[in-house]
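Presented sequentially are two complexes of chain A, the first with chain B as partner and the second with chain C.
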Partner chain A sequence: MSDTPTSTSEKVLSARPPLWRDIVIIKWVTQVFLLVVVLTALWFLTSQAGDNLKARSISADFNFIERPVDIQLSEGIDTHPDSGGRALWVGMVNTIRISLIGIIFATILGVIVGLARLSNNWLVRRLATIWVETLRNIPLLVQIIFFFSILTVLPRVSLETGPINGWFHISNKGISMPRVFLADGFYQWLVVVLIGAAVSYFVYKKRKRIHDETGADTSPVLWALGVVALFGILGIFIHPIFSWVGSIFGALASLFDSLPILAPQLLLCALSVGLASTWIIRFIRKNRSARGHLSLVDDDWFRIIFTAAVSVAFIVLFVRWTGFSSWILNSGRDLFEVIESKFNVDGAARPFDAMRPDIVQPGKFPNYGSSGLTMSISFAAVFFGVVFYTSAFIGENVRGGILAVPKGQIEAANAVGLKRSHALRHIILPQAFRVILPPTGNQYLNLTKNTSLAIAVGYSDIVQVGTTVFNQTGKTLPVVGIWMLFYLSCSLTISVIVNWFNVRMQLVER
Partner chain B sequence: MSDFNVTGAEGTVSIKPPPETPKLPPRLWIKENLFSSPFNIFLTVASTGILLILGRGLLSFIFSHERQWGSTATNLRLLMTQAYPEEQYMRVWVCVGVIFTLTGLSMAVWNAGSRVALRRLGSFLLSTGVVIDILTLLAPFSSSATIIWLCVGTGISLFGGSLVKFSDEDKTMSVLTVTVIALAVAILSLWVVPYGHHSFVFERTPRSLAEAGTVALTTKLPWTIMLLIGIAAYFAGKAIREKVSQNVLRVSVLTIWFLAPPALLYLVLRDPDFDMGHVLNTDIPIFLVFAAVGAGLLFWLTRPTAGELGKVIAAITLLIGFGSFLTPMRMIIRILILLLAIFAISAPTFAGDTQTRRRYSLGWIGVSGVTCWLVTAINTPSTVEVPGSFFIGGVSLTLLIAIFTIVISFPLGILLALGRTSTMPIFRILCTWFIEFVRGIPLITILIFFSIMFPMFLPKEMEIGEVASIVIGYSLFSSAYLAENVRGGLQSVTRGQHEAADAVGMTTPQKTLFIVLPQALRVSIPPLVSHCIGVFKETSLLAIIGLFDILYIARNVIPNQTEFLGSVRENLLFVCLIYWILSYQMSKASQRLERRVGLGER
Partner chain C sequence: MNETNNETSTGSNRDLSNAADMIVCENVSKWYGDFQALDEVSATIKEQEVVVVLGPSGSGKSTWIRCINRLEQHQEGRIEVDGIELTNDLRNIEKVRSEVGMVFQQFNLFPHLKVIDNVTLAPIWVRKKPKVEAQEQAIALLERVGIPEQADKYPGQLSGGQQQRVAIARALAMEPRIMLFDEPTSALDPEMIKEVLDVMKELALSGMTMMVVTHEVGFAKEVADRIIFMDEGQIVEIGTPETFFTDPVEERSKLFLSQIL
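Up next is the complex of A and B:
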């Protein structure tokens, strides 16, 4: 008698609901429906675009990369590029150049601003607050254009302009200063420094071990840096004896030349399979419960299948697209050949050299020559704009990070008698850095993207060059595609680096 | 959690103010804060030097006789509204008046404005006067101007000082009163001081660079009326608040705020030339049919017992909505069917008693009415004749694009955030890819793409203005960032809240709408406000693609006028000032809002 209700309820529980009420099926149907709608809309839009472009007889292909264009760039590694692709490449290099320099200076200035906002000195605190509140609340573009408009009305170029005549010039053609550059002996010198770095690693380990065992203050970092510096100085005198290193790279180049195309293909396929299978195995292992049962929901299956599909797609890509493999081989060979040629220096060449700015007058107007390190005014406007603007945000991050360290930590450090510098280095900064890093990484991303505003002042970054290219060739869509790919890979690179640091910082935690 | 709440009954919990640091006498304070150690002394000297050099440089730049401030003063109207026709300028003032009225009304309804101690006000005035005096001494004024400004500065500080000295410890004043007094002084100065009259500099004889009174003459009367309207609205709001229930009042004021931008834009500023015959024959009947049918359908669908038949009908409506794109028909009908489908699908979420159901149906009538009216207004040609692509520019265009972008990107961003945190893989992947893709590329590439290429992606018969396509692109961009802010809020909603909602038998939409989103949005108020400020600031990028926003006018239009050739820096400084004031005020307001909703206190 008592069996009947139990069995009914069990039946009710175990029976699957009808199709239209099954939550799994409803979810999948909704998703597939949405996917179909999105794809249809995309297809509709692109087909319209195709029709419209055809009606105006514009084609959206990538021919312009190889074709010659008539573009003159204001600055960069090549001011008269011979093809559209080369022009875009110059733009990319310019963007990367200004972003890297900007990131470095914005970090330095930002840390100073952040510390100044926490200073004991009332006036310094106020000054930093004014700095932050002014720069944060004015659009970057307005700032860049304002700096540019100030720089354009500076005096004309002559040897007498500038705070330090002959060494440091400021004029309406830009800012020029002495330049230190790599000379012929640099690569041999680099070998000496690398050896020094290896030695310093062991020195560091040794000093660290002594410190850990005895507690004596052995300052391992200082020692390691000292060893590297020592080798650096030594290298200036002894680097010619390392000219034989070039032959190693020569051998590598000929090895790459003799390899068949199959080798990189096999390597890439193995890499793709290996990565995918490692990921799947780790994923399955992670989802195994304590008793060893797998509990995979449909979402997890989706991930596994997706990973496998991606790896198969890559294998097909590598096998079918032999051009990529031969490109790897060729570029490897070229790379090693170039490195080998760098070592072919006869006699004692200096690793570094320096030159003062000079002024040339090719036509009517004088301009800076190539011997000094010159910032054009466009570069300077964008540079000051992004550096000042980002420094305000980084300063706020630094301030927030230091304030986020619990007061008890500082008090505890004082209580165990740590020196102030030690407390800062071992207690406050590691904890603050953990808070500061993620938002600051975001600011680096923003800075990189913000350099695209250079188009307003005519600095030849990728957006400006791209605009010129599509104005000449009419290939708007391909150029926009190249922009997006470029910026996406920049963002990806920065976030990978920042994440790597982030993970390392978090490992310090318990 | 419950333990804490039981002991601390509501209202008795008071947050202790931090212990007051004892006020140091001035000499000790200076010693403590400026000269406590050698390094500190060095810092003080160095930063004083920097301040003096910067202040002197800025002031001698501003008051140099080479500056053409007349270019800004004469072109203020151009900077604000571009080439809006002179004879229809009344429309602009009506818009400003509506905004002032709404502001006054909302201040009364939300009981805005804290009180400030008179002593704090006094010390603020004191330091302002001192700063004015120092700046006067730094600036390259003629001796008479120096004396006048020194008198002004000293007067202000004396007034502030007397407030500090003679007012009671606990005497306070409403911030609103202070603001109104400040505004009144500013507007009074329009009547007294001839702005655009550039004198007191270098020469002994005042020299007029602009037409005397270009700013003051045309705007003093309207601004006075605006101030009075604002004050009147405030008191009217106070009177209404006594009689009407708080909730009704707040909801209606909020609704007016949301309807105001499109109404002002399409009805007042654009001055549409309605084709009454078409409206009466086509638009109103369509609206009536949809309102009646939709209201009936929704009233039936929101029955708690509607069950599966309701879902089937909702799904059929949705299919009809998508299917309507296959056959030629009016766009308004397609939009209305799709809207109705959304309402039908979400009907079970809002099901309830008769009153709830009636409210839901009324909501449908309101939404469909607004949609019909908007579509009609957009399709009606404008009578405002302006050279150029868009009928308004300058600051107005900046504000317009910022407001529309924020309003459009808000729901989009919330949807994207929900999609990204969803458990359904395809939704999540689509949303994640979209968000990460958009966040990886700079805004200017999106704006260039949308201004040049977006019209290409539309069918030939559809035409879209440049401003509209830019707003679409900008909204997509902004929604990706907004989604990340909302996602942060969504993740802060604790698991217990989800489980509690499940336990009382809420459906997923109900849980999301009534439990999760309100808490998530409350947490993400600070990042959302700073996002809005960012959207406002980045509208300056419109200048690059050649829209007539304030930056473009200041940089490319005014410096080319024959009487003000090359006056770029003056106008750029003015643009900086406008952006700075607006952004700074917004960020201050967001800090007050944060404190008011009690973030970080629970």
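Up next is the complex of A and C:
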């Protein structure tokens, strides 16, 4: 393109290269070739596994999900599940339950441990160091069994001993404390609180604006929380006036009932076309140069075509698979009917109720009744195990994050006269958080996966339940497949949440 | 710059003998373990005076000016800033820090905050200024240092010279009576040094009391009222730029000048 190219270079530029040297062709061929290889390998492996299983007359189908099983679980939403699928579902809920509670407590404890390791107080610092070094250097399985064996030697529970209907009771059956639970009036009360939240948003904005305009200390966050609390208390007395809200959900339920299957199908197709086309348009716009020239490489074309193909595949799926659309309609209708029924309650119903632990003796042995909030010793062993273990690692993350803030930042904050608390809030924590978050997300993943050690102490998590299910049905491979899919979706969910925060926190650089 | 009154000119030709004392140091000493960083440093800096501290690296210049707003703690002697003595009393330390602005060699801007928020943070949280007012002031200061158009960028998107000018604006936002500069141009590319020095000159002309640790001899000759030369934690020589650069008294000063000039 230059004015006076030498004859040889012009020749090289203009001559079409042979196919095997043309990078455009090479790229396309490798992309397609790789796709074919991956698909073939997958097909080969699954068909091989299928053939092998057939040869040994092991069936790898998922029929057990519907078939009845004879399983009794120690705890969960359903202790006598009527089918294999139901049993696995109970196990999943138990795993999610212990993971979520564990993540919350491990975070709180970890932050405390991390700050304690940086404390100016010698004793606090030493204790935190001992905590971290002990817990992270002993295998988690050993720790879980250790806590379990401590709990099993606690005194027995019986109808005579111990404060029946007391506030707090601990024995070899577990730890029981008072339970606050949602009563019939809860959903009406929730409406009041939601209105309170909306009001508090405006109060927050207002207080913030006053602060910005006059510089006065208006504590907008405290005001907003106060408004929500006020509405919460008010709601306890006035919530029955919202019983009519149920009829809205009733109307929604009948709307879902009357919609044709075509409606969700159209919606899903539109969604899939919409998403794919916005992605493509954005992608093309992003690759436009300042002068408006499109600069797409072959990889980019491949991605565009791939996206379009996927969206077409989804449309075909939604059109052919009418069951999915009718499932959406049915479950939507069911959901709104359930919500409607929540509002159909006696006007005097309270939003909350509380009950203290009790001890009952249904058969030979006394145990805790259902009124208190009871942590079984298996749950407690796994809970203490994963929380303490993970808190040591999170503590180290917190310590590292705070130490990673350059000393110059603290000096600059001091030099402009910021108080220690303000420097912590505006300078140190925002920068430390950015360092702490990614490794802590990993610890959340670890904690979730580590709960599978619950099998050692008989807590009914998905692995323990699944083991029982495949022992009874012989469907090892499908159950293991469900395990893997379940843990994969848990981990991906956590990753997505953590990454979302991560992207928001990134520093802007050149 | 054709004014003749003392208010708007700098350099050793003006008479500051009637001005109030802004910084008084008496026999200030400091050790890092066995190493003595400051050895009986005594000096008085007057209001509106511009003092340049020179000396080889490791001579205690930075340690000294960092003691003046208590980023480092002196162990012996006394330091008084605008009549407030620096003791362990937190209230005194906070009062001194809000009157003394500091500019660092490595800028130390807050990377997670926009330029404008870097400047308004302290006025809003320390001076309890309304946000709107603080932002107007910040824009005015950014105009003064010549970069109002960068207000909504992050520090990481600016050049070194621009970052250092933001740091000066950030310090000025607290309306300090004294400005300390700890090697403000040492981390900058040569072509950016001038833009920072120009801002500092303008500041000196406006009557700010300034204490500057620097190796910029040109700046020292042009702007300083006095030169303080330090070596091995001690003040070796104090003099006007004319006498110090042309006719130093001490042997160590001569050696130092022969190496840098």
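What we mean here is this: the second predicted complex is superposed on the first by the 454 of 510 C-alpha atoms of A that agree within 3 Å, B and C clash if a C-alpha of one lies under 4 Å from a C-alpha of the other, contacts with A are read in each partner's own complex, and residues count from 1 in each chain.
The criterion applied here is as follows: a contact is a pair of C-beta atoms (placed from the backbone, for glycine too) under 8 Å apart; a residue touches a chain by one contact, two chains touch by 3 or more.
Just so we're clear, the structure is a prediction, and the values are computed from it rather than from any experiment.
Look at A:Leu477: by the touch rule set out above, it reaches chain B but stays clear of chain C. More residues of chain A are touched by B (comparison of chain B with chain C). In the superposition on chain A, A:Val32 makes contact with chain B only, while chain C stays out of contact range. Of the two partner chains, neither chain B nor chain C is touched by A:Ile281. In the superposed model, A:Gln409 lies in contact with chain C only, and not with chain B. By the document's definition of touching, of the two partners only chain B reaches A:Phe302; chain C does not.
Taken together, the two structures place no residue of chain A in contact with chain B in one case and with chain C in the other. On the chain A side of its complex with chain C, the touching residues are 211-217, 406, 408-409, 411-419, 422, 426-427, 430-431, 434, 507-510. Chain C makes touch with chain A in their complex at residues 69-71, 94, 97-98, 100-102, 104, 106, 108-113, 121-122, 124-126, 128-134, 153-154, 156-157, 167, 170-171, 173-174. Those residues of chain B lying in contact with chain A across their complex are 33-34, 36, 40, 43-44, 47-48, 50-51, 308, 322, 423-427, 430, 437, 439-445, 448-449, 452-453, 456-460, 533, 537-538, 540-541, 543-544, 551, 555, 568-569, 572-573, 575-576, 579-580, 583-584, 587. The touching residues of chain A, counted against chain B in their complex, run 20-21, 27, 30-32, 34-35, 37-38, 45-46, 48-49, 51-53, 119-124, 127, 133-134, 136-143, 145-146, 149-150, 153, 298-299, 302-303, 449-450, 452-453, 455-456, 463, 467, 476-477, 480, 483-484, 487-488, 491-492.
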